[in-house]
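Note that chain A is present in both complexes that follow, paired respectively with chain B and with chain C.
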Partner chain A sequence: MSESIKDRVAVMGVGCTKFGELWEKDAEDLLVDAVYAAYEDAGVTQDDIEAAWVGIMYPFTGMAGVSLADPLKLYGKPNTRVENFCASGMDAFRNACFSIAAGVYDIVLVCGVEKILDQGSRGLPDLGSSQPVMGDISAPAMFALAATRCFSEYGWNKETLAHVPVKNHHNGAKHPKAHFRKEITKDDVLNAPMIAAPLGRYDCCAVSDGAAALVLSRPDLAKKFNHKDDYVLVKANALAVHTGAPMYKPSFNYIGFPATQDAAKSAYEQAGISNPRKEISFAEVHDCFSITEILNCEDLQFCRKAEGGDFVASGATAVDGELPVNPSGGLKCFGHPIGATGCRMLYEVTKQLQGRADGYQVKNRELGLAHNLGGPGSVCSVTILGQH
Partner chain B sequence: MSESIKDRVAVMGVGCTKFGELWEKDAEDLLVDAVYAAYEDAGVTQDDIEAAWVGIMYPFTGMAGVSLADPLKLYGKPNTRVENFCASGMDAFRNACFSIAAGVYDIVLVCGVEKILDQGSRGLPDLGSSQPVMGDISAPAMFALAATRCFSEYGWNKETLAHVPVKNHHNGAKHPKAHFRKEITKDDVLNAPMIAAPLGRYDCCAVSDGAAALVLSRPDLAKKFNHKDDYVLVKANALAVHTGAPMYKPSFNYIGFPATQDAAKSAYEQAGISNPRKEISFAEVHDCFSITEILNCEDLQFCRKAEGGDFVASGATAVDGELPVNPSGGLKCFGHPIGATGCRMLYEVTKQLQGRADGYQVKNRELGLAHNLGGPGSVCSVTILGQH
Partner chain C sequence: MVGIRSFGSYVPKLRLSRKEIGDAWGIPSAPGEKAVASWDEDSLTMAVEAGLDCLRDFDSSLVDGLYFASTTAPYKEKQTSSVIAAALDLRRDIQTADFTDSLRAGTTGLRAACDAVKSGSAKNVLVVASDCRLGEPQTAMEQLFGDGAVALLVSDEDVAAGIDAVHSITDEFTGPWRKQDDTYVRQFEAKLDATYGYARNVAESASGLLKRERVEPKSVTKLILYAPDPKSFMGVAKRLGFEMNQLQDPLLLMVGNTGTPQCLMILVAALEQAKPGDRLLVVSYGDGSDALLMTVTDRVDALRDGKGVTPYIESKAMLPSYAQYTKFRNIVSGERAPIRSSTVTYWRDRKQELNLYGARCKQCGVLQYPIGRVCFECGAKDEMEEVKLAKSGKVFTFTLDNLAIGMPLPVPRLVVDLNGGGRIFLEMTDCEPEKIEVGMPVELTFRRMHEGAGFYNYYWKARPPRKKEA
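Moving on to the complex of A and B:
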């Protein structure tokens, strides 16, 4: 009989770099900055760390555990690299949680990083991957197909989508670590250059650099460190993988992502949540594209299927709405340094739960959800954190 | 207070492909072959699998959990890719063990694969890695430096090294799944073409394709499946990471690998082993090069430092010796499909412990050790399995 991870792992401290075009920092600089911020927040030193995980997608960012051990000089200890497309950081977190729940380690480090910019003038190297997702269609083009399908199926249009970037830019403008910190209007979105029709520039998240880190432990130990009064508990931690090429399958319907649906179902079961719309206080949702946030809100059961357009238009997902989505500004304002994003979301959720999100703080802060979608809907990780 | 993994995870079944130049198989074929062999051995079906891990080093073999989910159609479940250089497979196993010890899953799958041959006529693609280990010196050249240093320090010579390939080829000749199945003589080794002086062709392992898989569970559940009478227990599971570029550091002494020393120390502590030479029955040791097996035997405390040459010359590591090393034939006869090797070693150790190693069976089979060394001594994983 398997046992839920619920309430068995504590987040003791979090750290995050500014996200953006960080030409003066390499992946090692970013890791050091994020990890030492997390150490300071947790009130631990590196000597307290017994094992570490790093989420990295691209081999040019780093390979193997040495990509973490070398910048930190975290030698002689276990360092593991987890790679799971855009969910790399949150899957690194998931594996670290298992080690704490198993009682094998007392205090561990999880971090995620990606250094995508400054890869030379010839663009990203060919990794030789045989997977179609990596090859012959761009991410905007893939998600544009979903938007087109929803326009046809539900009567949504570019104005429906525009609610997402307008809201997220409103939020991100207040976040000191965001890549883009400016408000935009619906007209800005509608008049922006087209990237892959019907997705314009403001429907797409940017390519940015960044890193984020968390220090984990057991609840009984977390009580003895900095956040003894407001450490955060892991309530659920789910991963679901579907095919690497869903959009090439005739059975794929383009109006939702089975990976999100399955991971959400598992996470809600683990956390004992029967009505996510009422019970989840706020969420960081994978908004790589405006259409993705809307469909994910449906798949996460924040609203019914086909009602995502009305849901975002209603203001329900604003910081002061019924269920704030991406109060940080999301991928839209942070960009998406692949391996870093999942850990950054967990950083955001932790700070919100602790009431430390100055300027973009949500009111209801009992349970926060973080959601990563990787590949063209291939991999999804859902984590739920809550106050202890 | 952290708790050892000892006796909390059971190996329920194992599977392995033939290793070699498998031009007719791609990575997906290899995974399916190894995994279904493991299912059959364990007496489970894929429906029993709750989560899966795959060890893969190269992105052209596969990226993310979809590299496993797609060939197996293991959809809607967690699939994680772990990458940790040559220890990728054994680190995937380590993370899977945590999930079982945490009680989160009942039955999980671990596998490792690499498809290195058939990558086109231009050789391996440039992954863009910034890590020196991946760049500007070949693996034979790196390990040749260690051999040269030992020749100078200890008076070893090419004949000292030759004991390793002669023994391993003797063993591998009897293994139906080995890439190279022929006996060789000391003269064959000494007269072979030079690869990187003083390492000749028979001092180096080959580049091969292959995959291996294991089904894990808890001991109480393992009692209900195929190997109820001879399931195998995890006694220890250690990982230690040092720098990705030890051979560039003035402090590196070239006569041993701190990663192996640290992982071994941790593994022996977990398993409660104080005298490895007496207590370990046999071992699969990372013999990417002849010198590596000898230095690893020292670092694993099978003999004293500087005595590795005499140790292998004495016959102690033969199948019928005091402490058989690589009774399977090792990387020397199997080649080294990176992500697969760690899981293949665990396959071998399991079969030996169960007395199923027909033709190359060791006599004393209480505790078996598997050892992976990755990078130029950067990453080491040590796993100890035992009879229940």
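Moving on to the complex of A and C:
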């Protein structure tokens, strides 16, 4: 079998902008802020960077390597834009990891950005379908199809879903970089206007702007920089792609996402994890919608299939619970600037592992998991980071 | 004998009370209600519905001609019947033709179909007539007009109503008209039309036919007479020597004046009730008049299986307001976001999108949609066999999307498992969104989706079943 990526790549610095409706900033501002924060955290300068990857989904945010090279004036070096739906940022990270593991570069930059609000705040901007008459579908509608099916299969209801936004808003209220820093109640969730039934406003993450960045290196080099021995190690890095058209696939059951199931399986194998519920200390998972977080918990094997509703209701996923999920507040509180989200999650996991998550620090911090799910449950990226 | 082998009809689900119209303008209102094509319907989509109704339980590959009749064809240049033929999955080696520009076009198409069958150039010709006319706001026409469609299969086999004789006249008379760029139907002096246009024309064709065939009015079971309004047709019938109980109800009260399809729709309503041996006289109007004399055969009983106009009249939903009507019929319009489309992809995918074919994998047997090269389930390459999909199924899951581009919001979007296999993702129309549930049965309906790339993009949607199972 091929060699695992485990322990061959180190995160030596991270940076992240405030997320939100950043009307006064453009993608250049966001990238420069996040990347220079990461440089400072790592203790490197731009001259140390040998190659770079940027995760961006929308062409209007930026296309090609110049979308990163121009803001940073990072010229004459390999620089690649990665697009893979909502996993764009984490897939950029995966590609950057491989370059280090391959020994091709010593120090590389990976970042993600999205500038969505320039296109308006009514949901995600249309990408234009290649298939004109069969109809596009909004992001909330894609996942509402799963919620409706789970309601029908398991007897879940809107109250089942409401545990997720209430918990995540509780967490996000303590995070200085979150878009929304306000606690909400179950009644707020249940009484909110409908976006794509059965998902209401608080079941959906918001449209936001933001950027995040990481500097990666080899473990033996990382310890010579800022955090000395307190760098973070990549334990696993998996990507799985399933259909972008589940609504046409006869066997798609809409009670889980095979992309997550497969990426998780691969990641656990790479990291040598046999009991994720016990071994994973905490996780940042893709809570684009309340139903998604519940199904993620099942698909990531934090609980058994069909038990996700009870699992989130039990308090197990609270910051002080058995397996804290989205201690940052998640996409619910940060919004979802697509290309930035994966890198922001890795920023969060790194900070938690290093014990630097002031105000929202989890207790157990050995292994942290980050998870992105993009498209209608099509593309999943799972990364596991651990303490050195 | 050449005649009608099967019939079908379509009345849109939406109705507008004439009182709503009168009240909106502060003018007197006529009694009853009018059928209104929804915002995603037009004369083409309604013709497809009528055609599906007519061809239910009939092998569509046996149809070797399609004639479409309308004064409201969606295109000024481009045939409508060719689109209908694709949606009905008719063969390619058939004749399609559009009969347009006159309210008489429906019977003209019917005559032409009879001639084609008689001449032996075709065995089964489908005639579909459909209209979606707009009366100018605040006029009597606005209240009177309704939308609908009809389909008749003309053949010399298994004929349920034989066409014994026909008689046509042509007359240069500017009755109702619309110029190339007019939205609303214009009418010259209504009294002049009633006296010199309508009354004289229909009387001339009807009496000419009866005289030639030596048929007395009293031996005609039903007079199926085009009715431009609720009164004048009665006067004509009386002058021709018919009793009022011989007159077929022109459906003005429940449907409205549907224009081109009107007298053929009421022919279908008559056939729903007819007994073998009944004689029917059909008389149309428009720049002249066509009269057709028919005799009902014992095969008419076989057609009484829920086809026709009555079940559609009974299946209805009231439009809540006149304002809604003006929005649905594009009388008032907002800005619409441009939608990306392409005539190229529309052409390339026509078999799956218009004819509604999926593919069955010869390796694993799974029926799937859209048609791919590699099997969705087992990964076999190029083992696909094209299969016509069923136009009914059950809801697997759904959402009501408020972020969709459409009207009205929310747009219900369904994952549907089609009967017999194949899974498809469709919008739902003509429904009450709050009543949709997992497992409910749906049927497919052909609709106008949008005008991306400057042409009408048609496709299928789902709707709750409109007719009770026969």
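What we mean here is this: the second predicted complex is superposed on the first by the 372 of 388 C-alpha atoms of A that agree within 3 Å, B and C clash if a C-alpha of one lies under 4 Å from a C-alpha of the other, contacts with A are read in each partner's own complex, and residues count from 1 in each chain.
Keep in mind that, in the parts below, contacts are C-beta pairs under 8 Å (C-beta built on N, C-alpha and C of every residue); 3 or more make two chains touch, one makes a residue touch a chain.
Everything numeric in this text was worked out from a predicted model, so none of it was measured.
Participant: Between chain B and chain C, point out the one touching more chain A residues.
Facilitator: Looking at chain A, the partner in contact with more of its residues is B.
Participant: Based on the superposed arrangement, let me know which partner A:Ala197 touches: chain B (first), chain C (second), both, or neither?
Facilitator: second
Participant: Just checking: does A:Asp262 make contact with chain B only, chain C only, both, or neither of them? Give me first, second, both or neither.
Facilitator: In the superposition, A:Asp262 touches chain B alone.
Participant: In the overlay, answer first, second, both or neither for which of chain B and chain C A:Val82 touches.
Facilitator: A:Val82 sits against chain B, while chain C stays out of touch.
Participant: Applying the touch criterion given at the start, work out whether A:Val379 contacts chain B, chain C, both or neither, answering first, second, both or neither.
Facilitator: After superposing on A, A:Val379 lies in contact with chain B but is clear of chain C.
Participant: Touch test for A:Leu117: chain B only (first), chain C only (second), both, or neither?
Facilitator: neither
Participant: Taking the superposition as given, does A:Leu145 touch the first partner, chain B, the second, chain C, both, or neither?
Facilitator: After superposing on A, A:Leu145 lies in contact with chain C but is clear of chain B.
Participant: Please work out whether A:Glu3 is in contact with chain B alone, chain C alone, both, or neither, and reply first, second, both or neither.
Facilitator: first
Participant: For A:Thr243, using the defined touch cut-off, is the partner it touches chain B, chain C, both, or neither? Pick first, second, both or neither.
Facilitator: In the superposition, A:Thr243 touches chain B and chain C alike.
Participant: Same chain A residues contacting chain B and chain C, which ones?
Facilitator: Shared contact residues on chain A (touching chain B in one complex, chain C in the other): 126, 128-131, 133-134, 243, 245.
Participant: Note which residues of chain C are touching chain A in the complex, please.
Facilitator: Contact set of chain C toward chain A: 337, 339-342, 345-346, 349, 353, 366-370, 376-377, 396-405, 410, 413, 415, 417, 421-427, 433, 438-439, 449-450, 452-453, 457-459.
Participant: What part of chain B is in contact with chain A in the complex they form?
Facilitator: 1-5, 8, 26-27, 50-51, 57-60, 62-70, 74-85, 88, 91, 94-95, 98-99, 101-106, 119, 124-131, 133-134, 238-245, 258, 262, 374-375, 378-379
Participant: Quick one: which bits of chain A touch chain C in the complex? Just the residue numbers, please.
Facilitator: Against chain C, the touching part of chain A is residues 122-123, 126, 128-141, 144-149, 151-152, 194-199, 243, 245, 247-252, 254.
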